[in-house]
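Two complexes are shown next, each including chain A; its partner changes from chain B in the first to chain C in the second.
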Partner chain A sequence: MDDITPEHLLYGSILLYLAAAFAAILFSRSHKLCTIWSQVLCIAGAAAGTASSVALLFSGQESITISPFEASIPYLSISMTLDHLSALFLLILSILTFCVSIYSIGYLSHYHGKRNIGLFQFLYASFILSMILVFTANHAIFFFMAWEIMAVVSYFLVVFESEKEETRKAGLIYVVMTHLGSAFLLMAIMLMFYYTNSFALTPVSLDQIPESGRNIMFLLFLVGFATKAGVIPLHIWLPYAHPAAPGNVSSLMSGIMIKTAVYGLLRFVFFYLGVSSPWWGVLILLLGVISAVLGVLYAYIEQNMKKLLAYSSIENMGIIFIGLGVGFLALTQEKQTVAALALTAALLHCFNHTLFKGGLFLSVGSVHYATHTKNMEELGGLIKKMPVTAVFFLCCSLSIAAVVPFNGFIGEWLTYQSIFASIASGNAAMNITLILSAAALALTGALAAACFIKLFGISFLGLPRSEQAAQAKEVPFSMNLGTGVLATLCLLAGLFPQTMIALIDRAVVSVVKASAEPILRGSFLDLYRPINFSALLPEVSFSGSMTAKPAGIIAAPLVAAIAMILLVLAALLVLRLFGGAYRERRYGTWDCGFKELNPRMQYTGTAFSKPIKIVFKIFFRTSKDLKRSGDDFYHPKAMEYTIVNESPFEKYFYIPLLAWITNWSRRLKFMIQTGSVHTYLLYIFVAVLVLMLYNRMV
Partner chain B sequence: MSFFTADLISGLISNFIQFLLILLLAPLSGGIIKKVKALSQKRKGAPVLQMYFDLWKLIRKESVVSDTASWIFKATPYIVFAATAAAAFMVPVTTLVPSAISGDLLLLIYLLALGRFFMCLSALDTGSTFGGMGASREAMISALIEPSLLVSIFTVGLISGTTAVDQMMNTMKAVGVPLLHPVYILCFFAMIIIILAETSRIPVDDPATHLELTMVHEAMILEYSGRQLALMEYSAAIKQLIFLTLLVNLFLPTDQLVSLAGISGAGAAIPAVVIAAALALYILKIILASLVIAITEISTVKFRFFSIPNLAALSFILAFLGFLQYFVLGR
Partner chain C sequence: MDSYFDILSALILLSSFLLVSHKRIKSYIKTFRIQSALIALTAGIMGIDSLIREGSFDILIVCVIIVLLKVIYIPRLLYRTYGTVEYKVEKDFYLNIPLLILICCGLVVFAYFSVSNIGSLDGAHLNLQVVNSFSVILIGFFFMISRKKAIGQMIGFLVIENGIFVTAFFSTHGMPFVVDIGIFIDMITAILIMGVMVTRINEKFESINLDKLKNLKG
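Moving on to the complex of A and B:
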């Protein structure tokens, strides 16, 4: 058994996914068999992938390379390198795939007999495979090919329920936006070759590419990857595509596909281009702040559960980008430790987001499976009908709301600490930007909590607001198992963040050549030494007099969790001792004197988010319409109230842009494309002439 | 078990005593505020210790639980209490005794957020209109006040280079009188607004009414009764005392005064008298802070709900200016 190396496991993982894809086609006649075979192979592939990445991260090896075959095309090399950064992302991907595949066994049963499961499974396995290729490609063209496969396959998965008009529209927006991003990437990759004559993804030295070339390449990479990440203002595809896709696919898309952008930025900007101008970092930070704040605001006013989660993904990508931006800024000031801290925060949040958002999308898939609606205004009281789903949903919601002791908190705490460390050691001008980003992050965090109070509270608590919700039944075991594993991981990762940090640290070291672990060893991630930046950061100078402290217990989330359990027990004991036995009477909720409480008296999701909507009305283009029927103004027979929340980005940017392009294309049609053969001949002649002249001059 | 040294054990014991002190004093500050308010209205008012009597009575009463409610409703009081009390563990009452528990201020905030999360959920759990209203408003207020809270924490934390509560308090002692320092006076006033918002006081929320137009916190716990209500009320009191303690120990440090009066030799055991004096000063400061809050409540009216953003913005500006001052004036 000692012969199994990470290489073998990686090969095994890829082959298992390939087998899953072929099994899907092979068994496509029997939907049940097809689902089980294909998903079990995917689960095995995920397990192999997890093993491979963990083995590499702990082996001490720098990287492994596998080249299955030589490409016969010049300038292309099909070889995969798994270094620490790739391994981390492969690990995230594999964990998520593992859970989503378990979940899918149950989830797909409601498609059986109705749809082409074979095709779905084939696409599903290829989608995962394409992401593995994205994470491991060590050659820019190969990376781009994998990137495109991922884009196209995910498009097919998004439009799987293609009979719905809105799904087709979502698919169109998605495919256009994602290819727009790809176009930018392609340009950047072409520039890469122009300057260096190579597509290899090894760091370039500063003199190989001139300053202007670097800046242009950075912008191209940023636009390309930010489109995939769904960073505002390039986000418009995300709130359409995620709700349209089946539950397990949106979980994969939001959980890991958008993270390929983070990987891309790290690989192509931090690793390949290197760090030069500080404004790159400011730009990344700014994009992050905008996405975080606006993303959570749009999520908060959303009533469609999946759309809410999609906007929340935008918000979380924003938080990750804040971490990346802070890290970049620290690197430009040569504060490696602070940069390592910030990148650890970003990558940890990446990891955490995969766990809880994957779990949330799966849970919402379960709710949809049970009630056939994604609109939270039609739900309510599900905690009694689907108790297990409710618990897992709550765990994931608590994680994303960053409350102690779940994992979301650790990521946000580290982001705050990295900003704090940057401020403590930075210059004044940058500090204003940084403190404002910290404030924005605080606003985001509190709004995210509010957002998930709303999502869970409205859809799972109270009285059912519709017949479907009242009739809902708990979902099959495999679905709960998939979600449950993710929810448990969320809690464990929150209680024992040291393990996650140890994994992430290796990836961070490979990018910034510094480790944040020594600092964190002193923080509450470790159990017994207080965090103190003044002693830990050589770059930071403090004039505050600090005395060495004796070893004490630092209130880590684990300690806090244990303390809370003890406190609950203490409270129970005290109440039993002094208050006697617990007596309880069940009675109706106070109904304000009406006959009885009915679901329509409850707060709705719309009402819940109304205050924030009023306070931040500048960011929403809301149009209201109230229709009354009947003659009497005061006693109308019926009233109809419609609210339309439009995205300002679409209204003021994308739609005008589209109109402008269409308009100009139409005009050009008459100017250039006249239909006369003579004109076309002239074009050819002019083109040939210009090319010849250009060749002469060069 | 070399980890559990004698120092650590004695530190833990002193921490536990401070924790018990906070738990014990928590209902007092609310009583003082109520008494002062009553006196200002020429009423006699309830005794200062009224809340102790209330709690004593409530825990012996039968609980009424809504038919609609799920386990969330019943679990919430315990979770809120545990989260708030765990937060109280991290707040040293006095810095004279080295603290064995070093809590991060951000962790404290997020522990309180756990309590708030469940409180809002329990409000929605009964299906009552009031609950939804309260939860929605609470969500907005807490979101708006958060940026200012964070900027204040960062500004105060900058001097000590950490966000650990006890170390921040320790370094603030070195500042001398922080309220005479332009950085900290701004943060102090920002903090007062934050406390008014976080602990549901006038002008943000009115703790004394049961009117749907005005209430926020009360609306959320409207359906609670018996021992569950007792726990919710008690947790609110603890939370208030945590914030007041942070305020007075960060911005009005007095421990250096007593240690000057007492034996100042390093490493020498601190006499019990000095500690007693420090505690007395602490209680005095809490009474003072309660008076400040009472006077604020007397002299203002509750703001219209949509004026609260202005208040939050004011608090943010104060904290932000404090932060800028820090770099203008140097450390």
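Moving on to the complex of A and C:
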């Protein structure tokens, strides 16, 4: 037998997913059988996909191409190329699919007998398959087809619980926004063909497309992909669609589907269009900064767990975009190593975000499975009822809050490093932008940490706030296994980032032709060594013939961590020495003289986020309303306090736009579609005459 | 031979002008019958010509079908449809007749302008016939727009069909037999359906004035 090559594995993976889709239909009568068969096949497909991408990344081959069949349609080629960039994203997809499919075996059991599981499994497998096609398509039209399949299938998955009004609304917003994005992409792809007469995704030379054409194409691609990424101000679908979808689907959507936008930007802008104007990079960077800061702010005030996570996804996409923007800027200044560093950071954060956000969505799915609520004001005390879920949730939360030694830290750390490395040389305006971005990133990090303290604290600690929460039980083993694998990977990726960086480095090299790996040498905590800045900086020449390199900045996380540990130890020591002896007392918390403590006396999520809400009230448009009932002002019988937060983007942009379009279309309907047969005939007649005239003129 | 065709094509064009100038539905049908007879004559002349030259009966058969279908059967069908519809004196057109005629003259000029440069139809005599028959199509279309009542639309449709037939005939001197038969069958079907529809519209709206259909709009 021949050796198993990455091609075979990729074929195998695709066939396994196809088999999963058809098994779902085949066994759709028996829900249990259907779930198990289909998910097991998906798990096998994910394993094959992982093996395929890792094999390619380590084999040293540039790329592999498979063409399952020849398309007879002109200008269309259905062939898939797995190069290093695709392989990286395939790897991320496969790891996530592996865990989510394990999780789904247990999770879907609560749908058994109630819903069409066969349909769900079919859509689930096709969704994953469509993303594989997006990552491997080497032809713009084929890419677009896969992109659309992905959009439509994910829409059906979002509206799976379609009897709920809010789900249908979420689905509508999602499908409209995603097709808006697709429209921009389609325009860009058409322009691509207009200028080059080809749909092939090979880099174009600078003289093939004029400057203005490049700029327009860049903007179209940016809007198209940013819509999918949920970057502010194109984010409005994300906080609706993620909460509406079933837990495993939102995990896939947030974990990997929005990353297709990052892949698209890298493939179409960095790889295809190439690097020309610096303002492209600035635009990407600014979008990233806005998304990161506003995303986390909106996340912070949310009480719906899944909505909170959805906003947090926006924030993390912002961080990834910051990495991309910095990388692009560095490329325009021909600082390849800095660019490589920035892209490594962006891709690493992509990978990390997939792990922890996938894990978080799965855990929230588990909480929903056990308590049937997503509102954290109805939860509490879950750490006692669901200890395993709580531990994994905590791991993922620590990762997303960028706490050492979990993986979230590394991506953000490298992003900071790449920003700092770009600051060192460049013009003043650029430097100020970069410094402000770093500051915004710092603010984001702090708010994200606070946000997840809130999420974990309110829902897992304290006393249960509702009957469901009090009666929650631990979820089935397979669900915990799926979440657990992701949480463990978070820890491992944080402890041994070198492995992942080695893989990512190959993808980065294929894009920017430079590697950041040598300056990140080391393993385990050694990675957190200061980057050797002097290697990145141009030599500064002093008067005369003397040249010297500026000294590197010493900001080693290892040093910082040791310093922090020492500081804490010192503080403990001081407390021990001067604070007297340590005594343990066990008794009930003082309850202010009431009879007993009840859950309503706890700190609520709303209260927790109030200070931040006051500070940043310009972004929330909060309106408060206090209703008293009863005759006497001073002795009301009941009081009702409502707070409404409005997103300024929806209020001042989307809603007026929508109203304008509706109004305009209604007027146009009366103008064009009059209902008169004669007018319709006249349209045809005029069209014929114009065509005849055109024929004469040309 | 070509001079006959020139004259016949001009007469067919004239008959469509005649159609536009009529005010009453009965005269529409009569004019359509005259136009169809002229087309049958054209086909007959060409059929005899091809019988003498090549010995083929195809075009003569087409001629016979035209006579049976367009001169006898369809006008009778139209009369019958007209008979089922309640008679109402109403102004049947949007613009007045002299203006309609002028617009039709403009359409002929436009057809001349746009068809005259088609490369494969080069040559003065052929060009003129094609221009005339092309104008018949445009006038037929315009007739459909200008008349309010549903029978006007049926007649307009038939005139467009006549125009297309004649255009094909003059530019190719006889299309393949199968194509002609196919077109005839399509046309009969269309006319039968339209006849039924007109009766239905009349039942529903108590008029065959298509303006009433505006109420159907959602």
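Definition applied: the second predicted complex is superposed on the first by the 611 of 698 C-alpha atoms of A that agree within 3 Å, B and C clash if a C-alpha of one lies under 4 Å from a C-alpha of the other, contacts with A are read in each partner's own complex, and residues count from 1 in each chain.
FYI, contacts are C-beta pairs under 8 Å (C-beta built on N, C-alpha and C of every residue); 3 or more make two chains touch, one makes a residue touch a chain.
Predicted model only: the values in this text are computed from it and were never measured.
Visitor: After lining up the shared chain so the two structures overlap, which partner does A:685 touch, if you call chain B first and chain C second: first, second, both or neither?
Guide: It touches chain C, and chain B stays clear.
Visitor: Output check: A:657 vs chain B and chain C. Expected answer is one of first, second, both, neither. What do you get?
Guide: neither
Visitor: Between chain B (first) and chain C (second), which, if any, makes contact with A:176: first, second, both or neither?
Guide: neither
Visitor: Give the label of whichever partner, chain B or chain C, reaches more residues of chain A.
Guide: Touching more residues of chain A than the other partner does is B.
Visitor: Who does A:588 touch here: chain B (first), chain C (second), both, or neither?
Guide: The first partner, chain B, only.
Visitor: According to the stated criteria, A:672 is in contact with first (chain B), second (chain C), both, or neither; which is it?
Guide: neither
Visitor: Considering only the defined contacts, which chain B positions touch chain A in the complex?
Guide: Chain B residues touching chain A: 3, 5, 7-8, 11-12, 56, 59-60, 62-72, 78-79, 81-83, 85-86, 89-90, 98-104, 106-107, 110-111, 113-114, 116-117, 120-121, 123-133, 135-137, 139-140, 142-144, 146-151, 154, 157-164, 166-167, 170-171, 174, 222-223, 226-227, 231, 305-306, 309, 316, 320, 323-324, 327, 331.
Visitor: What residues on chain A touch chain C, complex-wise?
Guide: That would be residues 673-678, 681-682, 684-685, 688-689, 692-693, 695-696 of chain A.
Visitor: With touch defined as at the start, can you tell me which chain C residues reach chain A in the complex?
Guide: 94, 110-111, 113-115, 117, 138, 141-142, 144-145, 148, 153, 210-211, 213-217
Visitor: Considering only the defined contacts, which chain A positions touch chain B in the complex?
Guide: Of all residues in chain A, those touching chain B are 380-381, 383-384, 398, 401-404, 409, 413, 416-417, 420, 423-424, 428, 431-432, 435, 438-443, 445-447, 449-450, 452-454, 456-458, 461-463, 523-524, 528, 530-534, 540, 542-547, 549-555, 557, 560, 563-565, 567-568, 571-572, 575, 578-580, 582-592, 597, 599, 601-603, 607-612, 614-615.
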